[in-house]
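Down below are the structures I want you to see.
One chain, subunit A, appears in both complexes that follow, with subunit B as partner in the first and subunit C in the second.
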Partner chain A sequence: MSNVVMGYKQSTFPKKLAAISGIALLIFIILPFVIGSFQLSLLSKLLLFGTLAVTLDLVWGFTGILSFAHGIFFTLGGYASAYYLKLNLSAENNTYGGELPDFMVWNGLEVLPWFIAPLKYFPVAFLAVIGVPALFAYITGSFIFRSKVSGVYITIITLALSSALTTFFISQQAYTGGTNGITDVSKLSVFGVNIPPIGIYFLILAYTVFVLALSLWLTQSNFGLILRSINENENRIAFLGYDVAQYKIFIWTLSAALAGMAGGLFVPLNRFISPVYLAVAFGTQVVIWVAIGGRGTLIGPLAAAMILGQVQNSAEKVTQDWQLVVGILLLVVVLFIPNGLMSLLPKQLRFSNLSKPKPLPGAAASAPVVPPEMASEPKPEAAQRSS
Partner chain B sequence: MLDLALSSMMSSPVYLLAQDAAAEVTEATGESFSYTSLANQALNGIGIVGILLLTALGLAITFGVMRIINLAHGEFIMLGAYITFWMQDTFGMDLLLTIPFAFVGTALVGALVELTIIRRLYGRPLETLLATWGLSIVLQGIIKLIFTAQLKYVKAPAYLSGSIDLMTDETGSVLISMSYYRSFIVVVALALLGITMFLFYGTSWGRQIRAVTQNRSMSQCLGVNTKLIDMGTFAYGCGLAGIAGTVISALKTVSPPMGQDYLVDSWMVVVTGGVDKLVGILAGAFLIGESNAIIAFLLNDPTARVLVLGAVIVLIRYRPEGLFTVQKRS
Partner chain C sequence: MTAAPMTVTPTTPTAKSVLSVKDLNVVFSGFKALRGVNLEVYDGEILTIIGANGAGKSTLLDAIVGKSPVASGHVYYGSKDITNKQPHKIARLGIGRKFQNPNVYNELTVFDNILLSLKGSHGIFESMLAKLTKAKKGKIFDVLERTSLLDQAFEEVSSLSHGQKQWVEIAMVLAQDPSVVLLDEPTAGMTAEETYATGEIIKSIAKADYSIVVIEHDMEFVKQIAERIVVLHQGEVLAEGSVQEIQSNPKVIEVYLGRETINAAA
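Right after this comes the complex of A and B.
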């Protein structure tokens, strides 16, 4: 990577970022060999929740759309994946021997519904895991964002969406398994070989890295700059001739697709999916992770989800009132540390500084020109300008 | 009328949510169409309207008038219910007598919240939303610490049990009836709406509130103590939520997450009715409550809820200012 600024051709390869993320990745690669199987599954789960938080950060932290509906996308992907795994149960593992999943038999269905049947095949299921949430997001997004509706009302719409879908999924017992959701699914396998938990862990780790890298690349690009400007001042960006709605719909759909895939990976790990993850409560949980971790930092939400999840896991053995602690933490963060816990990190360690030594071409006119050999040192002024 | 509240999300999947839903489906189906049962259902709907109106009234003040996105609204309802439970449990007080205490108690908590949290966040709606969500978790946690997570039951006064028979057939069996308690809820809701409207449009305090919401700096110049007005208005809205909690407590069980059930519904009512005039929420509650009841009668309960929520989403999309707001030029 290189960037031409004021006649200099400077290397913009983020060395520090590469070093730190390399070390972090190494830790996550070694970790599963050190910890027990329970910890391994917890860690995998938290990585997925963290990824979900990162996808919310894309729409909230960068674009300013606060959504309580990210649980929906996660769960839609999860259901697609669960149907696939359920339909691929071998006959002896299925309670009733036949092809029909047990919950459909209980609810008196006799044939597999046509819209579920194709999910038996992996490519269809894979497409559905990404496509169904993305399509849902595209439809809702085109509907919501092409209007004068602003910030808070969009949030209320996402609350209503989440509430309505939960009711819907619970009521359609024959197709969705009702409140219990889809349980007892088969193990994920490739060519007849079951993938062990550690394999799923690495799959999830790879996905997390992919989402992080994609989000980082996206937000550092010009596209990301436009997203952030929409967050700052939507009208001004519209006056400059950008189609704000189009950008919002794109990032909303992309984020939904990424969240859906996280949900799709969640089911082979967790072995069930239920409307619990559709509900407003789970949606808010995701929002809390992002808020505490720090909006627009990407790594903050991931870290917050993982750390809070770990602490919750240990705290719940001691006290039932862990939620109270989360509530107090959220209040304190909102009132006193509005940019999240990531903003407490020393400046040099912040993600945006590590990843962005380059002054943007536009900003470079006023910022002092950085000699090539100093390019990787973050300049405080330039950093403040860009954050 | 269901929404879910799960205290700890990640640990247990078997937090089963909607026992209501399943129960009400069976109730609604299997009945042949008849006008008396439709009328019954419509009356049932009036009961729902009463509850919606009652729970949304406080929100109409805090959101409609003050523009505070209050996600802890449900928890103030819950606080009112717990105050009633506590007074009934320790002093054996009548439910009606606990209403003033519930009002004052929740209003005090509301004033404290305004002073410590809301006041710092004026003009930052999304931060307010997050902070009040945090507050709702904290309030639930505190109540759980004091009263434990067990379900509590509040007794309705004996003179409010039973029902009015509005229509009987020749043999004397009841065709259409309305329970006293549901009528009581409607009466309380309408009375509170009336009192609130009087306060807002007929007293100098109300005039000051309206002045502050219309032009804060101007009213400051005219010597209105805006901070005091803010605190008073928020506390009043919370107090109304407390009364709602008291009245509802006898209808359902009292538990820390109970407020969540009413949060989404109250929001829908306020958003539907529009926040310009207080009468709007009467219309909003009526529309949502009745359409819920009628669709539930024709189809079933979950479908009714999904359809009504869908309709509200469409409504917000096209008229975020609500159905009953006069279009203004801005």
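Right after this comes the complex of A and C.
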């Protein structure tokens, strides 16, 4: 604002913010060397959940599509990864000694299904981790966004998808391991050497940084400007020549691919995947992380997911009703800080200070301000004009 | 009341039609909002459409830009049939629309509103890699200058007055570089001074090779800008002509101007 003619910069990454990001990254690099192995595994998991929250922020915080389906994308990536690790289990570690995964043997399968077999190979599995969630998102997104379904109905569809897929995965026990999911997978290895937990941690940290950087770049470009405009008023932007459905399908699919990769990294860490992460309850958790952290802030959802994960972990030791704690926190945030915890920070410290999402649905709308010029001398018939 | 379709004559015999509407019917769940409307917009003219509330003025613009589905009839842009095409495709062809209530992005700066509206780069990957070139900046500041918004360039639109928001939307339409500009009540809610300034803006941009269609209520404003006027009444074209012709047309006086006069007297 200081220099109107010259000084307009599209992407603003203030120096202070760069310094803080650098320090934060340094802490995350040093941390694994000073904490215990249980804490390391927890931290890795929290980073992944945080990354998942960032991917939801792209579609909800920036584009205004409230989705409970991000657990689906995460889990689809997770299953692709789990098949890869399960099929690479050495014969002596497999319960039945053969090549066929244990749950398939229990369920009477004798041959590896053709659509699962190729996942034994790393390039195929890697593509599937990203591609299966992306394809699923592209197909569902094309139906949803081309048919002009909007607002709360999209959210209802994502809830339905989540329930339907959970039921489907549980019912296809021979192929998916049913309720238990896929357990006892092999460790992730490179050229026959198992990657130690600290290696997995750095893999996850690198991915988190990648997703954050990509999201920041996207949202600070013209593309981000268009997403925010779709969020504020999608009907207007079509009349400026933008194909709104195309933009929505793109960000929906991209977000799903990124969430899928997070799921793909979750399995080597957690050593199992199950339909728990497909269910609405998990999808809701992701929504809560974004709401509490602050929509459209990227770093807010990441931080909220990690802090709440830690709270959950501590509260679980004290009481079985830890969800009550999270529930109360959510209520407090929605009622008193509708734009999330990040909105409490000074503006120049926010990760993406250009974006300003709308208040949560149901939160009190601020009264329109009447400009002084209007109040002084309005045209007589101006107020009731509508045709 | 079934008036015969009006034959519309160009302002000058050589003028070329840029937009033509043929026998247009728009129906909203049984209600005929437009009935057999015929209309020509000629190159470089300012066409003003007047009519009482519910006459179908905004519906006509909605049908042209692809917002309201056309039941029968056609809309031609040049020789191209654009009836019922998707709004973003019609916009890309070169038809810009300003809505009745300022339909602008309140959470963005004035500059970003215009940047968003610039012609070209509507694709996803183009938008990611788009650089803010000198040419683009120049175009944006040029449009802002023409709409008296230079000083507000980096303010958030939500902080502007109602009249300025209307100008922001006019500026957005200009940034699209359309050949046809559709303005739906551009002076709604403005002070008398702002209204006059808006009239001057419209006249100045009309000189710059745009064909302009303005919907208006305010007869003072119509007199300031109008070259040719079309009167809509209950979804039909009631009359067409110059300001003088319209003011002396008995049918118009009966259904529209008469009422305005009564309103003014009350």
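As a convention for this text, the second predicted complex is superposed on the first by the 338 of 387 C-alpha atoms of A that agree within 3 Å, B and C clash if a C-alpha of one lies under 4 Å from a C-alpha of the other, contacts with A are read in each partner's own complex, and residues count from 1 in each chain.
Here is the rule we go by: a contact is a pair of C-beta atoms (placed from the backbone, for glycine too) under 8 Å apart; a residue touches a chain by one contact, two chains touch by 3 or more.
Source: prediction; values computed, not measured.
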item	value
Partner chain(s) touched by A:G151 [first = subunit B, second = subunit C, both, neither]	first
Touching partner for A:K15 - first (subunit B), second (subunit C), both, neither	neither
Of subunit C and subunit B, partner touching more subunit A residues	B
Partner chain(s) touched by A:S171 [first = subunit B, second = subunit C, both, neither]	first
Contacts of A:L159 with subunit B and subunit C, given as first, second, both or neither	first
Contacts of A:L330 with subunit B and subunit C, given as first, second, both or neither	first
Touched partner set for A:E316, first subunit B, second subunit C, both or neither	first
Shared subunit A surface residues [contacts with subunit B and with subunit C]	none
Subunit A residues within the subunit B interface of the complex	45, 49, 66, 143-144, 147-153, 155-157, 159-161, 163-164, 166-168, 170-171, 178-181, 272, 274-276, 279-282, 284-285, 287-288, 291, 309, 312-313, 316, 320-324, 326-331, 334-335, 338
Contact set on subunit C toward subunit A in their complex	51-55, 57-58, 65, 67, 86-88, 91-92, 96-97, 99-100, 103-108, 111-112, 115-117, 119, 121-122, 124, 127-130, 132, 137, 141, 153-154, 160-163, 172, 176, 185, 187-192, 194-195, 217-218, 263
Sites on subunit A touched by subunit C in the complex	1, 4-5, 8, 10, 218, 221-223, 225-226, 228-229, 232-233, 235-244, 246-247, 250, 356, 358, 371-374, 376-379, 381-383, 385-387
Residues of subunit B touching subunit A in the complex	2-11, 13-18, 21-22, 25, 69, 117, 120-121, 125-127, 129-131, 133-138, 140-142, 144-145, 149, 260, 264, 267-268, 271, 300-303, 305-306, 309-310, 312-313, 316-318, 320
